[in-house]
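Common to both upcoming complexes is subunit A, partnered first by subunit B, then by subunit C.
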Partner chain A sequence: MAELAARFRGVHYHYPGVPALEGVDFELRAGEFCALVGQNGSGKSTLAKHLNGLLKPVSGFVEVFGRDTRSQAVGELARKVGYVFQNPDHQIFSARVRDELAFGPRNLRLPHDEVERRVDEALDGFGLRAYADMPPATLGFGLRRLVSVAAVFAMRPSLFVLDEPTAELDWRSAHELLDHFRELHQQGHTILLISHDMELVAEYAERVLLMQAGRIVADAPPGAFFGQTARLREAHLSPPQVMRLAQRLGDLGMPPETLTVDAFADAFARLWREAHHAG
Partner chain B sequence: MLAVEFHEFYYRYPAARPNEAAPYALRGIELEVEVGEFVALMGHTGAGKSTLCMAMNGLVPQATGGAVRGVQRVLGHEARAVPVARLARQVGLVFQDPESQLFSPSVEQEVAFGPENLGLSVDAIADRVDWALDMLDLQPLRKRGPTQLSGGQKQRVAIAAALAMQPEMLILDEPTSGLDPLGTAEVFAAIERLCAEREMTVVLATQEAEQVAQSAHRVVVMSEGSILLDAPPVTAFMQPELLAQAGVAPPQVSLVAAALKERGIVVPAFHRLDEAEKALRGLWQHPHG
Partner chain C sequence: MLASLYVPGDSWLHRLDARVKLLLVACGLALIFAVGSVWTMAALVMAEQALLLSAGITRLRLGDVWRVLWVTMALVFVLWVAFYPGEGAAWLAWWRLRLTWDGLARGAVVALRLAAVAFMLFFWLFTTAETHLVLSLQWLGLPYAWGLTLAMALRYVPTMAELFRTTSEAQQARGLDLSHSGPIARAKAYVPITIAMLISALRTATSLAHALETRAFGASLHRTSLQRLYLRRVDVWCTVAIVLATAALLYMRFVRGWSATPLGL
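Entry: the complex of A and B
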């Protein structure tokens, strides 16, 4: 059986007077690239904060890499779980980019050489070398976002929790950012991506969880997930536009689980040639 | 008649340190918006969209400082000569984050705040509040507090509050970023309604290409402080390379035609879902045109 990055069992959580999680059960396998979607207020961020121990269940339990989060301090969990906040400015506070990236590794009490090595790798890995000595506050939003991600990367967590990391990024920057995580995923890291962007979810995730009113109500690979038309409508979500087009053209034989433009064009071209004996 | 007229417009923010000059945030802007037009502003993070939005109600440079030159005319006013408070009566500005704008204990008090400050009679204020709540479909929520609202509802309240000033023009700076798909759809439906029923001039900074294709009259694409492309959606979204340069994704269906062409199938360009379906079905029925 694959190692589990996280296991939620009967997890309930409520903020004063407001229920947020109402019985969450799921397992996140190590090495997965999983997306978590759902309306604002459905409990996504609350669930995510249980992974790094910022929140602990009121009832039920959460295990991260096999250990109950209630028996682990936030600092201990931070070695394994990297949390990228929705707003990078909630995370960044150092005077120089280099110091921001060194902060986490220093807190892990790593030797000086190792801290420097990690800072260098993070600077190079995220294209931040040219900004190393600049104050993060003077950088544009896209770069501040990268600094916040690189700072988490320098901690070398096994599991990355990304809370709407692309919400205010343009299309190109969003892809560049998620390409970094695709690479980390290929190296064996586990990724949990919270997003409202169904095109990005379809493109990057290999599994999609849907939250509604504090529960996980759907759990499937993207193709099958976006095929659940009624459930999606109930959650006010719709599949990527190209998939909706494929669904409309189902009578011509277009596979309803077509997720990307290239997959659509391949399938359509094949069908067209078959139908018109033109190939 | 022109609602917005920018010619040879340059702007830079105040320098961070003495004896230094900040780079130009806007450079050589040439933009005319007709009264009643719905213009979408698109472009990468930091392209200058927010700065241009703020230049349209005089906040740039009146509140931001910095250096400016060129024509900056809004609804016939020289935007640097008329105080922002006066321009704000005609130009409503809605920011990205509704939380930064909402402060009253209830939706109706929030919407009444602007008209109350204009010194209108109680009846006139009530009429405006009713009208703005109707336009944004907020009547059922009028007694609620801001904390009891979803993200899309909050943003609609922010728009209603701007609308209660009865502006001639509405500028919205990425009002749907951070909203879920339902909230985004609610905000776009409200904007479409304002355009259709009130012939409101609307300038909307956004990344939502699919919605833009559906409802905007024009797409203005910005990059590095300049305007890179200014065209109706059908033309703008046919230029994927130029859009990519500006960090903008066209609607997925408009990429389908190009992808089919690469595979030897020629179809007319389309940028909306309905058009795509029709074009592809047409191809099926008339394979040789």
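Entry: the complex of A and C
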């Protein structure tokens, strides 16, 4: 059985007077690329903040890599869990990009050489070398987003929690960012992506969780997940456009679980060839 | 997250004209700074709680205010007691510290005064819509832009509190340890939060200024207002009652010596 990155058991949490999680049970296996979707206020960010100990369950428990989060400080969990916040400006404070990337590793009390090595790797990995000595606050939004991600990457966590990382990014930047995480996933990292962009979820995730009113109400691979039309409608979600098109072309032989444009193009080419040979 | 300090409602305090509430706050503040008895000050704070509750302000909201206030109140009390020994016989003397009942009562008066001032201002802020708040300041002769600036500053208090919380969470998620015991180490730990918050606040201020300008703020020198303040009969009676009550209490305080000493009645 695969190692568990996180385990939620009967987790309840409420803000003053407002219930947020109402009995969450799920397991996140190490090495998974999992997406968490749902309407605003459904409890996605609250659930995610339980992974790095920013929130502790009112009842139930959360284990991260086998250890109960209630007995660990946020700083301790930061070694294992990297949390990318929705707004990069909530973390940027240093005078240089290089210092911003070094902040996390220094907090982990790593030796100076190791900090420098990680900063260099993060600068190269995210294409930030040219901006290393610039004040991060003066960069454009896309670059600030990259700095915030690279700063978390430099801490080398095993589990990345991405809270709407592509919000306000253009199509290309969003794909470039998630390509980085696909690469990290292929290297064995666990990724939990919170997103409202169903196209990106379909393209990158291998498992999708749906949250509604503080509970996980659906848990399936993307193909099967987006096939649950009634459930999606209830949560005010719709499958990616390309999948809807594939579903409408089902009578012509198009597989209804076609999730991406590339898969659609391949299937279409195959159908075209078959039709050509037949006729 | 709270959108603003204003709590929508239709209570007697909400319905009271914004200018009358401003008068109530001014008279209340005069009284708070005039009286010096710990008993009167405690009674004032309790009366304020009762009035706010009667205006539909929830205990939860009052609790939020207390959560912010109590640390400052405790600090003020400790500093006052430590540096002002008070009059009368000391019942505890150790090194430079001299504790007297008078000194303790004076410390309590100053700490309670802080709460009394805060809740007095919340009479106005919790129950007055932003438009009425600006109109009442304009009625006092303040330029519209000043009133709007104050209203917006107040509107952004909860936003800034939320920004502080989120920024703190973002830095802690990168391993920032806020559990240092020494005051200097603790202050240093807050530097990454404060700077990130300042940058975000400046960015928000710039966006807000642009948003105002793109909606032609300041283009017209003579503003008209869709909403107006109307003084009803009950507002007039309240004004008379507030003025008379304040005058009577100030007379009692300064002529009759009521509530003049920390432990006196």
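Everything that follows uses one rule, which is that the second predicted complex is superposed on the first by the 269 of 279 C-alpha atoms of A that agree within 3 Å, B and C clash if a C-alpha of one lies under 4 Å from a C-alpha of the other, contacts with A are read in each partner's own complex, and residues count from 1 in each chain.
We adopt the following convention: contacts are C-beta pairs under 8 Å (C-beta built on N, C-alpha and C of every residue); 3 or more make two chains touch, one makes a residue touch a chain.
If you're wondering where the values come from, they're calculated on a predicted model, not measured in any experiment.
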Once the structures are superposed on A, label A:E168 by its partner contacts, choosing first (subunit B), second (subunit C), both or neither.
first
For A:G23, decide between first (touching subunit B), second (touching subunit C), both and neither.
neither
Using the superposition on chain A described above, determine whether A:A265 touches subunit B (first), subunit C (second), both, or neither.
first
Have a look at where A:D89 lands relative to subunit B and subunit C in the superposition and call it first, second, both or neither.
second
One more residue to check, A:G125. First (subunit B), second (subunit C), both or neither?
neither
Report the partner of subunit A that touches more of its residues: subunit B or subunit C.
B
Output check: A:G227 vs subunit B and subunit C. Expected answer is one of first, second, both, neither. What do you get?
neither
Tell me which partner A:Q39 touches in the superposition: subunit B (first), subunit C (second), both or neither.
first
Does subunit B (first) or subunit C (second) touch A:E199, or do both, or does neither?
first
Touching residues of subunit A toward subunit B in the complex: what are they?
38-41, 86, 138, 140-142, 164, 167-173, 196, 198-199, 236-238, 240-242, 244-245, 248-249, 252, 261-262, 264-266, 268-269, 272, 275-276, 278
Quick check on the complex: what are the subunit A residues that touch subunit C?
16-17, 49, 52, 54, 73-75, 78-79, 81-83, 85, 87, 89-93, 103-104, 107-108, 137, 151-152, 155
Can you check the complex and tell me which residues of subunit C touch subunit A?
60, 163, 166-167, 169-177, 179, 191-193, 195-196, 199-200, 203
The answer for subunit B against subunit A in the complex is residues 16, 43-47, 96, 150-152, 174, 177-185, 207, 210, 244, 247-249, 251-253, 255-256, 259-260, 262-265, 273, 276-277, 280-281, 283-284, 287
